[in-house]
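Report on one structure; see the data block that follows.
Here the chain labels run A, B, C and D in written order, and each chain numbers its own residues starting at 1.
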Amino acid sequence: MAVPKEAVQVFRHRLHEIIFEADTRAGKWFDVILILSILASVLVVMLDSVSAFSARYGAYLYRWEWFFTLMFTVEYLMRLACVRRPLGYAFSFLGVVDLLAILPTYVSLFVPGSQYLIVVRVLRVLRVFRVFKLVNYIGEASVLVRALKASRRKITVFLLAVHVLVIIFGSLMYLIEGPKYGFTSIPRSIYWAIVTLTTVGYGDISPKTNPGQALASLIMVLGYAIIAVPTGIVTSELSLASRKTVSTQVCPCCMAEGHEPDAVFCKFCSERLNPETGQDT
Amino acid sequence: MAVPKEAVQVFRHRLHEIIFEADTRAGKWFDVILILSILASVLVVMLDSVSAFSARYGAYLYRWEWFFTLMFTVEYLMRLACVRRPLGYAFSFLGVVDLLAILPTYVSLFVPGSQYLIVVRVLRVLRVFRVFKLVNYIGEASVLVRALKASRRKITVFLLAVHVLVIIFGSLMYLIEGPKYGFTSIPRSIYWAIVTLTTVGYGDISPKTNPGQALASLIMVLGYAIIAVPTGIVTSELSLASRKTVSTQVCPCCMAEGHEPDAVFCKFCSERLNPETGQDT
Amino acid sequence: MAVPKEAVQVFRHRLHEIIFEADTRAGKWFDVILILSILASVLVVMLDSVSAFSARYGAYLYRWEWFFTLMFTVEYLMRLACVRRPLGYAFSFLGVVDLLAILPTYVSLFVPGSQYLIVVRVLRVLRVFRVFKLVNYIGEASVLVRALKASRRKITVFLLAVHVLVIIFGSLMYLIEGPKYGFTSIPRSIYWAIVTLTTVGYGDISPKTNPGQALASLIMVLGYAIIAVPTGIVTSELSLASRKTVSTQVCPCCMAEGHEPDAVFCKFCSERLNPETGQDT
Amino acid sequence: MAVPKEAVQVFRHRLHEIIFEADTRAGKWFDVILILSILASVLVVMLDSVSAFSARYGAYLYRWEWFFTLMFTVEYLMRLACVRRPLGYAFSFLGVVDLLAILPTYVSLFVPGSQYLIVVRVLRVLRVFRVFKLVNYIGEASVLVRALKASRRKITVFLLAVHVLVIIFGSLMYLIEGPKYGFTSIPRSIYWAIVTLTTVGYGDISPKTNPGQALASLIMVLGYAIIAVPTGIVTSELSLASRKTVSTQVCPCCMAEGHEPDAVFCKFCSERLNPETGQDT
């Protein structure tokens, strides 16, 4: 009954390899099944909202919902078990998402009729980002994220300018067309200005008078031209962002990802990465 | 009655040159007539769907349909005849399209009222890509294809992020506005989120409440800004993709295209390219 | 009464300088007045189409129309007079536009009720491109034109692919939704597919069924992503197109524009450019 | 009662540092409070236009409006007081905006019912650009502004071409569809052409006839393709625009901004920048 401490260690390492990494065959299968379960559980939430469907197959959906919740609960506990610093994982972004994926179903037992939990349940879809690890796309994703981060400030300046523009144009339109033509208040006129400047153009509110249509034309041409600005920003940053491949390893201690393929120690907490992989596989 | 084997060889080579290549005068004329027939036959399918038109000229359309089908059948058989590996051609992408272009009309003789064949018939339009060979655009097309292939992974990451966004925003909108304002289910709300994020903006479903319009504004500005991402990806790949001209020759053995202008042998199967062109023309 | 041939020469050169160039003070004033007249005459055509306005001020508009027509006629004759090869000018692009700007008004005297001439009259607006000469924007315009010409083939390939896509998707939608939901024929469904793929999204026809909305979502995301392709093409060409300033001189013999500032002879017909400018100014 | 001239000088310098700069702790706090007040005052103007809200809380909004006006008045006077050349500030862009932010409320005391002042009041939002100083974004903003200025001429050529296109296409559509289908005049048809070319697509006016839809398709594909042009222009300019950080210092004499971090003297008027910062802080 006395399990040697070393065997536990090895078992935890093996579990960590399967659950958090995708370098081994078992780890890949685990991830494939996980992704499919996530997609299926999101599908269940969606179908549940289609009244015709839920009226007919509600009982089945309910059972599937519990099936996935229990499955994700086991997975969550296993993740907690095999990580060296469970709290670090529990409070990381994906850790919180993992918890939010199972909590709403339990809560719904005690708080009846809480349909607001539906959105929390849908957040499960965020877990799908784990797929990057599976298909070795971490490198691609991190290039994109780095380019977006680098252009963060320029995009902020651009968005600030866009907001000032829509506030001024929205107010102008409120004056020109007024409540008679659907521009009932400045906030609603600003909503219209955003719909127009971003070239979405619902048509739920649209200018009817001649000066209104002239101003609208101006906003459209402006929106058509200044879309060039974020594009130019991201393009020039993207061509700067260097490209390098990143391993799928996750630090067993601090949960950090994005280690380079030849890394032996975690670059954030100096914990040794994956000693078993080197020895056993 | 004994046709020497060599004469058959020469004839097949000549046929191959005319049908599959556009370097000779006969080959060019063949391609021009083929393209015009393809466009005309697609036009016939389209006009057939206009009820006012088909009621009046249905008989003529029917005859033209059969004319083109027989013509394409002859062409298909000739292609099979002059290729060294008929099966290789028959199962290639354009080979399957060539077969699909003639099959539906024959099937419609036995399976009455099968209007679903209309889309299969329209697939004929894919054959129009043969036009690239005619106008020496293979090089341009392959640069584009190469750039798109190189940015495949980044585009996938982007599309995955977009899908996660629309699922979350769609669910949020379902909560905020609900069935009362047209957001009858989560799938429909996701459809609305896609319509909005991609700046299409039909206006068949549009937010009516203030918080709904605020969320919609957020999605629009987001969609307006992140369109910069695929653009940046493709632009940086396109400027990397090298440019070189490519011949219109097709290997008579393995059907491979994209040979360089000075190539004498197929770079994929080492078959001699076009021996006649070098000797006869 | 005998005007010396040399004086005529000098006068024609002077006229050419004023009318066709913008390097001298008189030439600049001529161009400014011309541009304003063009804009005013286009405005007259526009206002004439507003029924409320033309009912009231129709007589004034009619007089202005004739005023501009006579003015442009005089200008056209002067252009013919001072160019060395009048036929070359008359059949050049801007020469034809200049003629089309005056013809419709005369024709309307003999052919009553010909409202179709209205569009020909509006073509006057093309003359406004002469403004480039005035503000020294020929260089900018030619860089853009050169970049667009260089990317002509790639854009063609892209547009062909887009057309094949909308034909296939339009036909699919015709099958899925059918005449019951507004998709009355394949051509109309293709029109809808174009409206959707280009992210215009009128909403005059929109999918109602679930599979239809799913297909529409696919087209939207596709259209949102592939807009990156033309952008990437033009961007990479634009950064290649070299930038150099170009003079506003026009060859008095062959009407060619785009000469470099230090050019003494026309690079197309070897005619001496502007001898007076060098001597008189 | 005799305040020594030097003490006044020091006080003015200190005030200048707080109000116009964001390098000191007091300056940062001043700017944070100012930005929040600006946003709050714009919010007050917006809410005032929502009839349901203003009917209920009109009195509160009125008081807040006066609170912010008085606050901004004090700020404006202080700015005038601590600048060496008050007139230079008063007639600078931000100086005029500062004045316009307070004027309308005073004017409304004498000119009753002047709802047109609402837009002038909303111009307050322009003051928010002062935020750039706070967050050290002047560098980012100036890179964008420089890139836009550099591409000014090319964008002008592009916009001119777009306007010529929409005028011609609008007139054509007026002929094809005519007043029967909503295209009541050429200006309105041009409005429709702009809505379509910029891919906004309200759907308030949309083609109904077959030739009309064919022309509309052409305009859409054109608009979809030529959006690549401004994007290409801005992108190539942005990658050229050099990047350097800029200090938040403002010259106490000529109000010029954009000095480099190690600048000791104003690069425009040679005035010493911020002598106190060097001595006191």
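In this section, a contact is a pair of C-beta atoms (placed from the backbone, for glycine too) under 8 Å apart; a residue touches a chain by one contact, two chains touch by 3 or more.
Small disclaimer: the values here were computed from a predicted structure and weren't measured.
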{"item": "Interface numbering overlap (same over half, different under half) for chain A and chain B", "value": "different"}
{"item": "Equivalent interface to B-C, taken from A-B, B-D or A-C so that over half of the residue contact pairs match", "value": "A-B"}
{"item": "Identity of the chain that, by mean CA position, is farthest from chain B", "value": "D"}
{"item": "Chain centre separation (chain A, chain C; CA means) in Å", "value": "47"}
{"item": "Centre-to-centre distance between chain D and chain C (centres being mean Cα positions), rounded to whole Å", "value": "33"}
{"item": "Overlap residues in chain A, where contacts from two or more other chains coincide", "value": "158, 187, 190, 199-203, 223, 227, 231-233, 235, 239"}
{"item": "Partner chain B, residues of chain D touching it in the complex", "value": "199-203, 231, 235"}
{"item": "Residues on chain C engaged by chain D in the complex (per definition of touch)", "value": "42, 45-46, 49-51, 115-116, 118-119, 122-123, 125-126, 128-129, 131-132, 137, 140-141, 143-144, 147-148, 155, 158-159, 162, 187-188, 190-191, 194-195, 197-204, 223, 227, 230-235, 237-239"}
{"item": "Sites on chain A touched by chain D in the complex", "value": "153-154, 156-158, 160, 164, 167-168, 171-172, 174-175, 179, 184-187, 190, 196, 199-203, 206, 210, 213-214, 216-217, 220-221, 223-225, 227-229, 231-233, 235-236, 239"}
